[in-house]
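So that you can tell them apart, the chains are marked A, B, C, D and E in the order they are listed, and the count of residues begins at 1 in each.
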Amino acid sequence: MSAWRVPVALLAVALAYPLVFRTNFAINFGVLVLFFAVIGQAWNIAGGFAGQLSFGHAVFFGTGAYCSTILHVKLGINPWLGLWASAAAGALVGAFIAALSFRFGLKGSYFALITLAFAEAFRILTNAVEFTGGGLGLLIPLKRSAANFQFPERIGFYYTILALAALSIAIALWLKRSRFGARLAAIRENEDAARALGIDTFREKVKIMALSGALCAAGGTFYAQYFLYIDPVVVFGADKSVEMLLVSMIGGTGTVYGPLIGAFLLTLVGEGTRALTNAQGLSLIIYGGLLIVIIAFLPNGLIDLFKLRWGRRRA
Amino acid sequence: QAQARPIKVGLVHPITGFLAYSGGQCRMGAMMAIEEINAAGGIKSMGGAKLEALLGDNQAKPEVGVSVVEQMQEAGVSAYIGCFSSAVALPATQAAAKYNTPFVIDVGASDNIVNRGLRNVFRLKPGFNACVDDAIAGLGEINKAAGSAAKSAVLVHEESEFGTGTAKLLAGKLPSIGIEVREVMKHANPTRDFANLALRIRGLKPDLVVMSNYQNEYVLLARTLHQQKVDLAGMFSVLGGGFNYKFVKELPDVAQYMIDTNHWFDPTNARAQAMKKRVEAKGDLFTFEVYLAYNAVKFLADGMERAGSADKEKVNAALAASTWSDHFMPYGPTRMVNGQNTGGKAAILQASKTDIDVIWPTRFASTKAVFPKPRFS
Amino acid sequence: MLEVRGLAAGYGEIRVLDGVDIDVAEGEIVAVLGSNGVGKSTLNNNLSGLYRPFGGTVRFCGADITGADPVRIVEMGLVQVPEGRRVFPNLSVRENLLLGSYRRGRANRARNLERVTATFPRLKERFGQMAATLSGGEQQMLAIGRGMMSEPRLLILDEPSLGLSPMLVDEMFALIRELNGQGLSILLIEQNAVQSLEAAHRGYIIEHGAVAMSGKAADLAANPDLRARYLGL
Amino acid sequence: MLEVEGLSKIYGGLRAVDRASLRVAEGAIAGLIGPNGAGKTTLFAAITGFALPDEGRVRFAGVDITGRAPHRICAQGMVRTFQITQPFAQLSVRENIMVGAYLHTPDRDEAAARAEAVARQVGMAALLDRTAAGLTVAGRKRLELARALATRPKLLLLDEVMAGLNPSEIDEIIPVIRGIRDAGVTVFLIEHVMRAVMSLAENVHVLSYGKIIAEGAPRVLAADPVVIEAYLGHGAAQRLAGAAHA
Amino acid sequence: MDATILGAAVINGLLLGGSYALVAVGLTLIYGVLHIINFAHGSMLMLAMYGVYFLLVKAQVDPYAAIPLMVVVMYAAGYGMYRALIGRFSHGKDENILLITLGLSIVLENIALFFFTGDSRNITVSYSDRMIELGPSLVPLPKLVSFGASLLLCAALAWFIARTDTGRAIRAVAKERHGARLVGIDVEKILAVSYGIGIACLGAAACLLVPMFYVAPTVGHLFVIVAFTIVVLGGMGSFLGALVGALLIGLTESLSGLFLGEALGQIGISLIFILILLFRPTGLFGGGR
C-alpha cells in the first residue's frame, strides 16, 4: 500500500529518534516539535481543511490545560483521566463557540475574530475567578511518576506526545479520504454550493470545531503536565493562537503533513536563531526575516519542497 | 601554567518581548559581576578558573525557558542565573533540577519557586512575602511618625501573579498598622487608560494609594492620578515597576513624593555607588534588576569558591550553607532556608524632583520621608 | 488597427493557443468562433494584457503591445468586456459605470453616462443598487455599459449575449451595429454564431489552437461544413 | 411533483417575485422563461430554500417544504444549479462531483464511481482531473449540472446551464437532458436559449416583473403576443416561427 | 453609583474610543482591500511613535507640528513596504500577506528593541498636563485633541473612499481585481496606495498619542487587538463603522471597568463584540457578503 508509506516511515523515524539522540536537549526538541505539530494540526483541520480560520484557538488550548489541572490540583483526579476530560471539554467549548457563531451566520474574518474574543474572555475570566488560581496561576505539585503523567525522564513525555501527534495525523489522513473531509473541503470552497448539494453546513462545521477543540485541548493538558505551571496569559494568550496558525500556514494549510513540517522548521529556526546571536532583538529579527523569506519562496508552505521533490501529488 | 577550564554560567532572561527591558537589565548586572570576578582572578579555589557567561533568551515563555536550560546543559553549564518572570522560573528550575545544577534566582517574585523542595534553587533577594512584611513594617513606622496621617488605603495592582500575590498579602496586613483597606482594584496588563480608576479612587477618598504594577502601568497610573489632582497623603508602592531614576528624570512632577518599597542597594556602600556611576556612564539606568543579578552572580561565585570545585552537589551544598555578606544590599549575612535567603530585606524609597532617597530602614536612610505630601490645592 | 501574428498562449505548462493570426481593420466588426474551451477567452486575455503571451506579436494602432501592461492597453483604447461580466459587486451600478472611465474618456464622463443609460434604461432603474444583487442579465448590461464608458477604439466583447433574453440579444446585436456605425471597431467572441456572423464583416474560426478558417462573414455563414459544426443547422 | 402557490420574494421595496404560482408534473421537462431581472433565479432560490419567501407556499412531492433549509430540500430530492456558477474552485472536477455523490453513500470508491459515470453522461470525462478553477464558463456550467446529477435528484432545477454553448453544442446537450428525464428525473429549467426551450420543454411558464404572465406549450407561447412583447421580441419570434416552418 | 462618576466615565470612554479610532481607521482600510488583518499595524504605529519621540527630543519638533511630516513619511513607508515586500512576496494569496505582515511585525519590533532597547520613554510637552474641565470630568488636553482629530480623520477617509476615483478604484480592487485591470486600474499600485494610506493614518495617530502615552517596542500590541476588534465590529472597510465601533468599545471598556473593575472589565470588550456580531454577523456597518 503506497498510501501508507509516508506515515509509516515517519512513525518509524519518530519512534527511533530518542533512541538515537538521547540527550534531554534533543528529546526536549522533539517534544516541542511534536507538541506544536499537534496543536498546529488541531488548527489545521478547522482552518485548513474546513476553511474556518480562527485567531483564538488558544481558547481550546487553555480550556484543556485548565481542565485537567484543576481536576488534578483541586480534586486529586489523575491527569491521565484529566486528559480525556480535557478533550471532552475542548470539544464542548468548540461545539459551543461554533454553534453560536454559525447559527448566526458568522463567516471569514468575523468568525476568526470572534474566536479571539472568546479566548480573551476566557483569559480574563480565569484571571478573575478564584478556583482557577486567578492571576497566580496553578502550580502542579511535583510528583514524578509515569502514573501521574509526570514522567521522571523526558522520553516518557516524548512518546506520549508522539502518540498524540500520530493521532492528529491519522485524523488528517482520514479527513482527506472520507466523506466528512470531502464535505469540509466543499464548505471551505463554497458554502452555498455545498448547501445546494445537501450538506448540512452548520452541523459539519460544528463537528469539525469540536474535533479541533478536543485535539487542541489534549495538547493543553500535555503542556500543563510538561511544564507543571500554567497561568491565564500563557495558555489563553493570543501568542498561542498565533503560534498554531503559524505552524500550520508555514507548513502548508490544508495539507496532512504541513503542521508537522511547519512545527519542525519553526522550532528549528527558533532554536537556531537564538543560538546564533545574543544581541538583544537580533535573533528575532532573523527569525522574522526567515519567515518572510520562506513565504517569498514557498508561497504554499514548506510542503511544496516535498512536492517538488516527489512530484506534485494532488489532494 | 595551564589555564583552568572556564566555568560556564547560564544567564536565562527574557531579552525580547514585553519583559525585554527588565531582562536586558538583569543580563547587564550579571555580566558586570562576571567581568569583575574574572578581572579579580576568577575562582581562586579552582585554580583561577574564569566564569564564562552563556547567554540565553527565554522570551518570557515557559517552553523557551526550558529549551534554553536544556541547550545550556548540552553546552556544559555549571550554574544558572535567571529568570525574571515566575512563569518561566518554575519550569526552568524544574528542568535544571534533573541535573541538580545550581540555579540562582536573581529576580522572580513567586515564593513557589523556592518552596517546591528543589534542592538546586536559591534566591538571595526576599520574595514578595518578605517584601510585603518590610513594606508594612516601614509604612507603619513612617505613618506613625507622621501622626497617623494615613488611615485608609486603596490597593491597585496588576493582574498577574506578582501584583495579585502582593496585593493579597497587603490587604491582609494593612489593618494591622491601622490602615483600613477601602478597596482592592485589579487592572489588566497592559492597561491603556487609568482615567476611570482615578475617578473611582477620588470617589473613595483614601489617604493612600498602594500600588503594585509593572513599569508602564506604574508610570501611567501615577501620571493619571497626578493629572486628575487626586489628593492623597501619599502614593505608596511595593516593588513598583516604574519607580526608578528615569521616571524621576522624565516626569519629575509626577514622581515627586512617591514612595516605593523595593530591592535597593545600600546607598552608604561605596561599591554600590561606584557601580551606579559605571552603569550611568554607559547611559543605562541603575535599576533593581541590575544589582540583583549582579549580587546573585557574586553569591554564586562565593559558593563555588567555597566548594572548590564545579561539582554540582558540592556547589549546592556550599550555597545552602552560605553566610555570604559581601553584597552591597541592605541585607544581613545570608542564611538560606529551603533555598530562600532569610537575611534579605527591602528598602523604602522616596522620589524627590531630582533623585531617589532611601527613607527606611533608618539605618540606611539618606533622608527623612516627606509624608504626608503637600496637597494640590 | 489590430494585428496578431503567431500568437502562442496558455496557462503554466498548458499551451492553449499556438500560432494565431488575426487582423481587425479600422471600422470593422470581426467575429471569432470556436467551440467550447478552444481558447477564445485566452486570446482576449492575452490581447488585453491580463496574461503574457508565450510567443508571437500583438500590434495595436501601429504600436507593439505584446505583453504590455493592461493599464497601457486600456489607455490606448483597446478595451475588453470580459466573459463572466466581472462587474464590481460591492459598488453601485453608477459607480461601476464611473469606473469604466477610470483610465480613458474621463473628460466626457457625464455625456457617456447619459449614452449608456439611454442604451440600457434598466441600468438607470437600478442606479443605486449594488452590482452583486443584479440579475444575471442586468450584470451583463452593466459590463457592456462599463466598457462603453471608456470610449474604446477597439472593443472586445467576450460572449456578450450570454444570459440575455432573446429580445435583449437582438437589441445587443443592434447596438453592436450602431456602435460600429459610429466608427468603433469590434472584436466579437460569440457562441451565437448565427447572429454574430450576421452582424460581422469578417470572421475567424479557431480550432486546435490556431485559425482554421477565415473570411467574409457571409461566406463563412454559407459554408456547409461550418453550418453543421457551429451553427447547428 | 412541485407546486408553488402565491410565492413572493421582496427585496427592499422590490417585489422580485410577485405571487407566482406554478406546477411541475412528475416526469416532465418544464421551462421557465422571462426577461432579465424578471425574478426567475429568485424564484428558484425561494423554492430551494436559499431565500426565505415572504409569502406563499412550496410543496414538493406532496410535502410542504416552505422555508426548509437547502440541504434538507436537497436530501429530499430537489437540487438546483447556479446561474452564476459556484464551483469548488480548488478541487478537481472529480472531487467536485464526488461531493454531490456523497449525499447517498459514505463510501469513497462508490462516490468516485458515481462521479465518473455522471461525468461521462454530461461529457466531462476528459476533464475529471482538472482543477475546477481552470474551467471555461461553459465547462463550469456542465460541472454544475454534473454535481447536481450526482446527488440522484428526483427534481432538477437548472438555471441557464446552456448559456455559453454554441448551437451545435446545445444540440449535443439536449439529448443528455432528455436522457436525464427518461431516467426518471423531473426537470425544471430556466433558459434564454430558445432553441433548447423549444425542443426540450413540454410546458413553459413565463415570468415578467415577478409575475407569471403566461403558461403553455412553447410553440403556442412563441406566437403569444404578450410573450413576444415582454420577452421574445419580434425578431426572435420570427426566427422561431421560421425555424418551426422549416 | 454616583451620577457624576458615571458621567465622567462616559466622557472618558468616548475619549478613549477616539484614540482607538485613530489606530483603527487605517486598519479598516487595509482590511477592506487586502482582506487580511495587518499584523504589522501595531509595529508600524510603534515606529511612528519613536519617530515622533525623536523628532521632539532631537530636533525639538512639537508632536502636533510633526503631523504633516509623519503622515508623508509613513505613507511612503507603507507604500514602499507593500511594493517591496508584501505585494511581491505574497504571490496573490491573502494568507501569505497575513504571514508576511506577521513576520514584519516581529522584525520591526525587534529592530526597535535592538536600536532603542526595551526601555519605555515618556515625554512632557507644555500641554501634556493641561487639564480641561468637561462637565463632571477633568480631561487632559491631548486627549481632547486626539478625539477631534480622529473624527476628522474618519470623515476625510470616508469622503475619499466614497467620492474619489481612487477611492472607488480601491473598493473595486477589493472585490474584483480581474475586472479592475480591464478598466485600466493598476491593481498593484492601488493595493500599495491603500496600504500606504492605512499606514499614513498611523503617522497622524502617533503624533496624537505620544503626548499622552509612553513609547516602547511593544507599545503597538496595546492598540492592535483592540483595533482588530473595532474594525470587525464596525464592519470591515467601513470608516463610519470604525469610528462608531471605536467609541462603542471605548465606552464599553470604560463602563465595564467602572462596574466590574479594571481587570475583569476588559471582558466587556469581548462580550459586546461577541453579542453584536451575533446579531449583526457582518459588523455594525458591514455590507453584505
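Just so we're on the same page, contacts are C-beta pairs under 8 Å (C-beta built on N, C-alpha and C of every residue); 3 or more make two chains touch, one makes a residue touch a chain.
Just so we're clear, the structure is a prediction, and the values are computed from it rather than from any experiment.
Any chain bridging chain B and chain C, meaning touching each of them, is among E; the list is complete. Between chain B and chain D, the least number of touch steps comes to 2.
Of all chains, the one whose CA centroid is most distant from that of chain C is B.
Interface comparison, C-D versus C-E: the pair with the greater number of contacting C-beta pairs is C-D. Inter-chain spacing, taken between the CA centroids of chain D and chain E, is 48 Å. Centre to centre, using the average C-alpha position, chain B and chain E are separated by 36 Å.
Note on chain placement: the centre of chain A and the centre of chain E lie 31 Å apart, centres being C-alpha means.
Here the spacing of chain A and chain C, counted between their Cα centres, is 50 Å.
The multi-chain contact residues of chain E, meaning those touching 2 or more other chains, are 110, 113, 117-118, 217, 263-264, 266, 289.
Chain B has residues 16, 20, 24, 159, 186, 188 in contact with two or more other chains. Under the contact definition stated at the top, the residues of chain C that touch 2 or more other chains are 133.
You'll find the chains touch as A-B, A-D, A-E, B-E, C-D, C-E. Listed in rising order, the residues of chain E touching chain B in the complex are 2, 5, 8-9, 12-13, 15-16, 19, 110, 113, 117-124, 129, 131, 137-138, 140, 213-214, 216-218, 221-223, 226, 253-254, 257-258, 261-264, 266. By the touch criterion given at the top, residues 48-50, 69-71, 73-75, 79-82, 85-91, 95, 98-100, 102-104, 130, 132-133, 146, 150 of chain C touch chain E in their complex. Interface residues of chain A facing chain B in the complex, by the touch rule stated above, are 23-25, 28-29, 32, 35, 124, 127-128, 134-137, 139, 141-142, 223, 226-229, 231, 233-234, 239, 270-271, 274-275, 278, 280-281, 283-284.
Within the complex formed with chain E, the chain B residues making contact are 16-24, 159, 185-188, 190-197, 199-200, 203, 215-216, 219-220, 223, 226-229, 246, 250-251, 253, 285. The touching residues of chain B, when paired with chain A in their complex, are 15-16, 20, 24, 55-57, 61-64, 66-68, 70-71, 73-74, 87, 90-91, 94-95, 98, 112, 116-118, 158-161, 163-165, 186, 188-189.
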